[in-house]
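Residue numbering begins at 1 within each chain, and the chains themselves are lettered A, B, C, D, E and F in the order written.
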Amino acid sequence: MRSVFYLLDTAPYGSEKAFGALNAAAVSLTRMHVTLGLYGDGVYLVVAGQDSKKLGVPNLSDILYSYGELRVLVHEPSLVDRGLFEETLIETVELVDEEDFLEAMESSDCVIPI
Amino acid sequence: MRSVFYLLDTAPYGSEKAFGALNAAAVSLTRMHVTLGLYGDGVYLVVAGQDSKKLGVPNLSDILYSYGELRVLVHEPSLVDRGLFEETLIETVELVDEEDFLEAMESSDCVIPI
Amino acid sequence: MKTLTIVLTDGPYISEYAEIACKIAESALKQYQVNIFLYMDAVHIPKKSQNPSFFTSAGELFTGLAEKGAVIRACARCAAARGYIAEEETANGNNCEDYIPGIKISSLYELSEMLSKSDRVISL
Amino acid sequence: MKTLTIVLTDGPYISEYAEIACKIAESALKQYQVNIFLYMDAVHIPKKSQNPSFFTSAGELFTGLAEKGAVIRACARCAAARGYIAEEETANGNNCEDYIPGIKISSLYELSEMLSKSDRVISL
Amino acid sequence: MEQEEYDIFLLTKPPFSPRSEICLKLAARSENSRIYLAGDGVYHLFSGIERLTGCEIYACQEDLEARAIRDREKVTVPDNFYAAFIEDVMEHCRNMYTF
Amino acid sequence: MEQEEYDIFLLTKPPFSPRSEICLKLAARSENSRIYLAGDGVYHLFSGIERLTGCEIYACQEDLEARAIRDREKVTVPDNFYAAFIEDVMEHCRNMYTF
């Protein structure tokens, strides 16, 4: 396997899954070409201005920023459905339509839904 | 509390939740008036003819049959959505429309989603 | 005194409900009796030695609750399935050596007893 | 020999994936190298002393797999969070006394190593 | 003096989940409801839950901050969210639901 | 002799889940796909997944029996589901996905 696509469809903070997907993607960067695909509730991860200090958990947007070489694809229809289209988003991510999102999954050697 | 409404919205066998909801409902019968409400994927529980022997897990329809005094409400729109309307269903359950389903939740002293 | 019962079904870290239950219980304990019933994966919550690097230990949160008077019980079937075995009662007010002090493994019938004696029930 | 890696994220009983993974691994082990990486709640799967009344013990299923040659690793961060602590290696080929023989706690980097050396990856 | 009684909802699931769906249906049927948003429940503010009529919305400050949701009109953010919630649930509540 | 290669899907989620949605979209884009239904994935047979064109459907016997799904036309139920699946995945597979 030379490339991996991690698929995250769970909202951040309510569950460890977003944190787990980010960590798995980060360690995979050393050996493979890595894409993190955000779909469904996973797209909440890219709203700018997250501050999780008071919640006492890691700031997931900080983790996103610290792995600039990680390709992050956001499924735009999911974003629109959830009312996030007019929100300020983290700049390092790529909004893609459904065609491009599925295309990226197809062109990766493996897809790991988290 | 003199009445409790257990809400199950997870499909049986793929998860322990249906088994857990049935057990909790069964033990509650000794002290309270109990309703088990099946909504969303929970409605798969009432298809007749389940045989879980080869899977090596408890037969959940047998459990339903053995607690005849348990009131089981099935949210009919969920059933229709899932293509179950023409299937043979376990006889001891009550199909109700959305109005009656929500009404039953409102008239219970507490609602426990499992 | 009014009684609040909290029913938990998810394990720690994978969901936020252990933390939310703890905040609710802390608030409620100031004035009310609080019961907590741990069902299915929630029986993992009071495990000893949890050491999450970036989150608050669920075991520690629940140690605090037991000390403040919350009655915390874990379902015996769910606990046994997950390797937590009930033994004779120990000195710490619990009956499972893998659990933090103050938490007991008990039958599922205890859930129905808690519910029937409660004024309010919160299920997370 | 071709290699299959299975990634698991759910704990036993609350999901069927430990059983499904076991059936897949049993089939694959007849001809292929099988790796299994346990992530998040899946680190509960190899816990000793699981005694479910109505289901098959996940620990027993995975004992069989390790004996047949599957390489099974658990994420160190997830394991520590849930109270499974890695120690010096023991005689049974594992490094955690709460785990069944043959399963090791290791760094998440092992996941990326397993993936990069695999022909196929199944994530459940 | 008789105190007013509310239907109280604690909503911790995000939009589009079946639980959220039931919650919103029950809230719409109540004439006097209060929805407390905590955890992933605060994501409903991106979907306009505050436009529900006949319904007061409360949200948990630390959950709003973590999820980058800024102050919204018509939403009350109590200093102590859980204290306010427990007071309502135990003393001023007709029906209560958690989803 | 070159063997034919398939896009293989292992589907264990029930209908209406976001994962099933993605699975069906990817399968619809493939001209040569095989969907293996196991666990709650077999519930897709109530929703008519076997009517997908250009797609062979396999289902796991013990999961069908537990969930009271009787034999369906156009659905293959192998004697050893996981052996057939592994053979396909390891030897006759272009892309493979698990949902």
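As a working rule, contacts are C-beta pairs under 8 Å (C-beta built on N, C-alpha and C of every residue); 3 or more make two chains touch, one makes a residue touch a chain.
The shown structure was predicted, so the numbers you read here are calculated from the model rather than taken from an experiment.
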item	value
Shared chain contacts [chain B and chain E, defined touch]	C
Interface composition of copies chain C and chain D: same or different, split at half	same
Greatest separation from chain D - chain, by CA centre	E
Length of the line joining the C-alpha centres of chain A and chain E, rounded to whole Å	28
Chain A and chain D, separation of their C-alpha mean positions in angstrom	26
Chain A and chain B: spacing of chain centres that average the CA atoms, whole Å	36
Sites on chain C at which at least two other chains make contact	13-14, 16, 40, 55, 77-78, 119-120, 123
For chain F, residues contacting two or more additional chains	12, 39-40, 96, 98
Touching two or more other chains - residue numbers and ranges from chain B	13-14, 16-17, 40-41, 57, 110-111, 113
Interchain pairs in contact, sorted by label	A-C, A-D, A-E, A-F, B-C, B-D, B-E, B-F, C-D, C-E, D-F
Parts of chain C lying in touch with chain A, wherever the complex brings them together	13-16, 54-56
Chain F contact footprint on chain A (complex, rising order)	7, 9, 39-41, 98, 102, 105-106, 110-111, 113
Residue ranges of chain E touching chain C (in the complex, touch as defined)	10, 12, 38-40, 80, 82-83, 85-86, 89-90, 93, 96, 98
Chain D residues within the chain A interface of the complex	7, 9, 39-40, 77-78, 108-109, 111-113, 115-121, 123
For the chain A and chain E complex, residues of the former touching the latter	11-14, 40-41, 44, 47-55, 57, 59, 61, 81-84, 87
